[in-house]
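Both complexes shown next keep chain A, but they swap its partner, so chain B is in the first and chain C is in the second.
Moving on to the complex of A and B:
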């Protein structure tokens, strides 16, 4: 079984700056981590490999320093790290990101592709299903349990609003996973050694046969028009005085509005 | 593009069968039929003596600005019951359609004709309804396939869907197919007066920042909205509209739902239907502080909520979490105690009618969305508030 896990390195803190000209994130100089949901995707990939054999490849797209995320994945037990890096990818929205990852996955080849549920910096959860559409394969989103896996099919539990669905899918398939699925393992000593020595493969736009005008800012249908801090509510009333007084005013107001 | 056989013209003479290099034509009920093996080589077109085989050209997949017309809402059903978010989308959709002087349409897969009429009463001018039983269970590919086909045919300017497990899963496939933009979890939507573009506002970058996203050149402009963020429109029993029944074709799926497991957590249902929610955050400092939240909630017959910080600390279970990664709620009164108000929390509760914020820090962003702001220590304020509420209620 050939398994590809898409991971993303994201800024660790809220100290994110924005390039005022392009209205896109400046990631340089900010401490980075693998986005938390992706740790569960890596764990899922490793567990499938334990059952079926095969290999797990971690794939990420980002600046050269995103290599550290791939080494972290290798320290957990991933076989191979592939970094998709090219200035042409800069400023990609979800559509252009999914397109580039699709091209890379088509280049690498995969039976099962696993993505985390959402990026903690964008929370869009769109990239996984978009990749599946580009590849022309089925996907199952928000999976909380893998019930069975065979050579040509997989049975998973998908989280829904009022419970879950048991879904069978043909392979190849793309899965997006939620935290409930597993607890990510810690890196082993052997893994850490492997991570240090591992050769990270780098792929550029030309290597994966991606069309330039589908990439980066140019290939992105959406644009950030502006960024702002949420404003103050118009009818806001700040109360004054000691706790007793403030509570009195509040209770009177609420009684007046027939809320109590 | 695809190849189609006109069943009325076909005589079942079988002369096309040997012309196909892919064995993609078979005879069923005495008429020729093209199967999914078809590679669209067109070899059969000239062979048919009746001229029954034709090539059907589909409009180009990509739409550009200026081509689109009207506002569409995807009305989601689950087990044949329309999801509440559908009516909320019709509410905001009606406003947008008004600003564009365009029609508002709903698209519904599965469910019944009565549900289609209900969508009209909630504001739709037209309902595109595909009652095919394939939609009884949710599978991404047929959903994405048919919605994309309809968009290509009718070319809406805007498409809105619920940010539910269903909408969030299959709508991205539609965006990928049509090469257009999709903005997830919008908290407000408006039309730019000059460009007529859809202004899509959503929280961004994990901090206290909102971003306005536009999709200037591709159509339709697509956005998802979480349940209980928008208000429902006006229900009008006598409202009339058109129902267009759609017949799904070529709806294939690589996935199959084998079983549906119902599991409704009482707390999460209570949170979403609660009249009053008392929620605690990091400022409660631990389980002891949370006890004050619980006591106030009991006095008010309210439901207990929590910020992600409190849940991550392990002071209260996840099912109480309000916000982007928890539940979106819209009670009459929301009392936020010791919650600083990160955007991810605000998007989950800011549609509440009255918001009362209690926080030590006068600069806390929670005060930006508050109706009443109390700057103070919750360990002092909450016991007094609980006592006064009990007095008022005569307990």
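Moving on to the complex of A and C:
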């Protein structure tokens, strides 16, 4: 089984602050981590490999320093790390990102592609399903359990708002995973040593045969107009007293403000 | 302080620290309260390759040595000595095989130990043989192709949980200390059972039981070394493991010290955080200084052992003695710095203080360590005189 796990390096959100003047993230001194959902994706890839044999490749698109995320994945037991890096990718929105990852996956080859359900910065949850669409393969999002896996099919549980669906899909397939799926393993010493020595494969736009005008800012239909930190409104009132009384006051106030 | 660790040693430290912080700290109070054996953590350690640290690569280990083991033990002890005792006792039980085992024995047992598949325990102590190993009453009698073992071992760490036991028994009482031998006994061997699990003051996550041998028959080949080498095996094993106990002392002292500093920065009295008071600063300064001194000694002695030094009894006894005495002092002072809060189970330092006490007692009391050092001094003085 050839498994590709798409991962993303992000600033540790627990420590991120926003520069109020430029409205951008203050990245200095903030540690980079593999985004938490992707840790579950890596664990899922490793568990599938333990059952079916084969290999797990971690794939990321990012600046050269994203290599550390791939090494971390290798320290957990991933076989190979591929870094998609090129200035042409800069400024990609989810569409252009998915296009680049699709080209890379088509280049590498995969039976199962696993992504975290969403990022912890943009939070769009779009890239995984978009990759599947580009590849023309089925995808199952928000999976919480892998029930069965055969040479040509997989049965998974998909988390829904109320309960979950059991879905069978043919392979190749793309899965996006939620936290409930597993608990990611810690690295091993042998893994860490392997990660230190591992050769990270670097792919540029030309290597994967990506069309320039589909990449980066040019290939991105989404244009970000403005980023800002929501202002803190100082006009606050705390209500107290029994709940019914508070609700009455609240309804009256909101009606007065024409919110209701 | 920078101890000029190699990149791999730092890797080991960071990984052990990550396990300690993510897997041990959240559960240590519960393990302590329930006296529950930390199987989940042992599985994590196994999966992270830490059981194979000191085992040669040809037997599935990582081929590292004393210093690396000490680094791992120190980091685990910073979180919980109950957990680190379980891990370190596994190494203690393995040393007899590692140091004196035949190639067949090593091939049979070390790969499973390195993979963390089977835990090991070391059985020396008995009701009448603790500090005085000469009081050993357990016997092993050769009958054709089997040794028949009879007797009871007491206070054996990892007892009941381990699958492999390295034990000392008397093969020829008439020879005194030269009449003891070391054996490997596997769990499940008929005639080998476990007595009660002890209810302890500290290190409550670790299991401590009796080993009961009632006409327990083991293959003749399970002897470690030759007949009569039992005490040599035991003493060399302890020479190699004492720095590990010292590391437990450094780790628990470090953990308690960090808690005390954190608390002293937050706790306000007379309008100021208590850390601004000289009385508290002086206590913290003494704690920090003694931890650094102990760590320096442990690392230096570990490097001395790893250099292939022949006789390390004195140095390893010094390392164990010093580091575990300061562990008791530092953990007690951490409780003092934190006052009433330090005494409460809401904070981890009272547990650390209870845990630290065992370090002055097991694997040779600190009084026995002073005896070992004293004996070595006498020998050295006599040698220098001639």
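The definition used in the following text is that the second predicted complex is superposed on the first by the 211 of 260 C-alpha atoms of A that agree within 3 Å, B and C clash if a C-alpha of one lies under 4 Å from a C-alpha of the other, contacts with A are read in each partner's own complex, and residues count from 1 in each chain.
Methods note: contacts are C-beta pairs under 8 Å (C-beta built on N, C-alpha and C of every residue); 3 or more make two chains touch, one makes a residue touch a chain.
A quick note: this is a predicted structure, and the numbers were derived from the prediction, not measured.
With both structures placed on the common chain, the touch criterion links A:188 to chain C but leaves chain B unconnected. When both complexes are overlaid on chain A, the residue A:229 reaches chain B alone and has no touch with chain C.
One of chain B and chain C touches more residues of chain A, and that partner is B.
Shared contact residues on chain A (touching chain B in one structure, chain C in the other): none found. Listed in rising order, the residues of chain A touching chain B in the complex are 11, 14, 16, 18, 25, 93-95, 98, 120-134, 137-142, 155, 157-170, 173, 220-233, 235-239, 243-244, 246-248, 250-251, 253-255, 257, 259-260. Touching chain C in their complex are the following residues of chain A: 185-193, 196.
Residues 78, 137-141, 144, 164-166, 168-170, 172-173, 175-177, 179-185, 199, 203-218, 253-264, 300, 324-325, 332-333, 343-344, 346, 354-356, 365, 367-377, 380-381, 384-385, 388-389, 392-393 of chain B touch chain A in their complex. Contact residues on chain C toward chain A in their complex (touch as defined above): 7-8, 11-12, 15, 18-19, 22-23, 44, 47-50, 52-53, 62.
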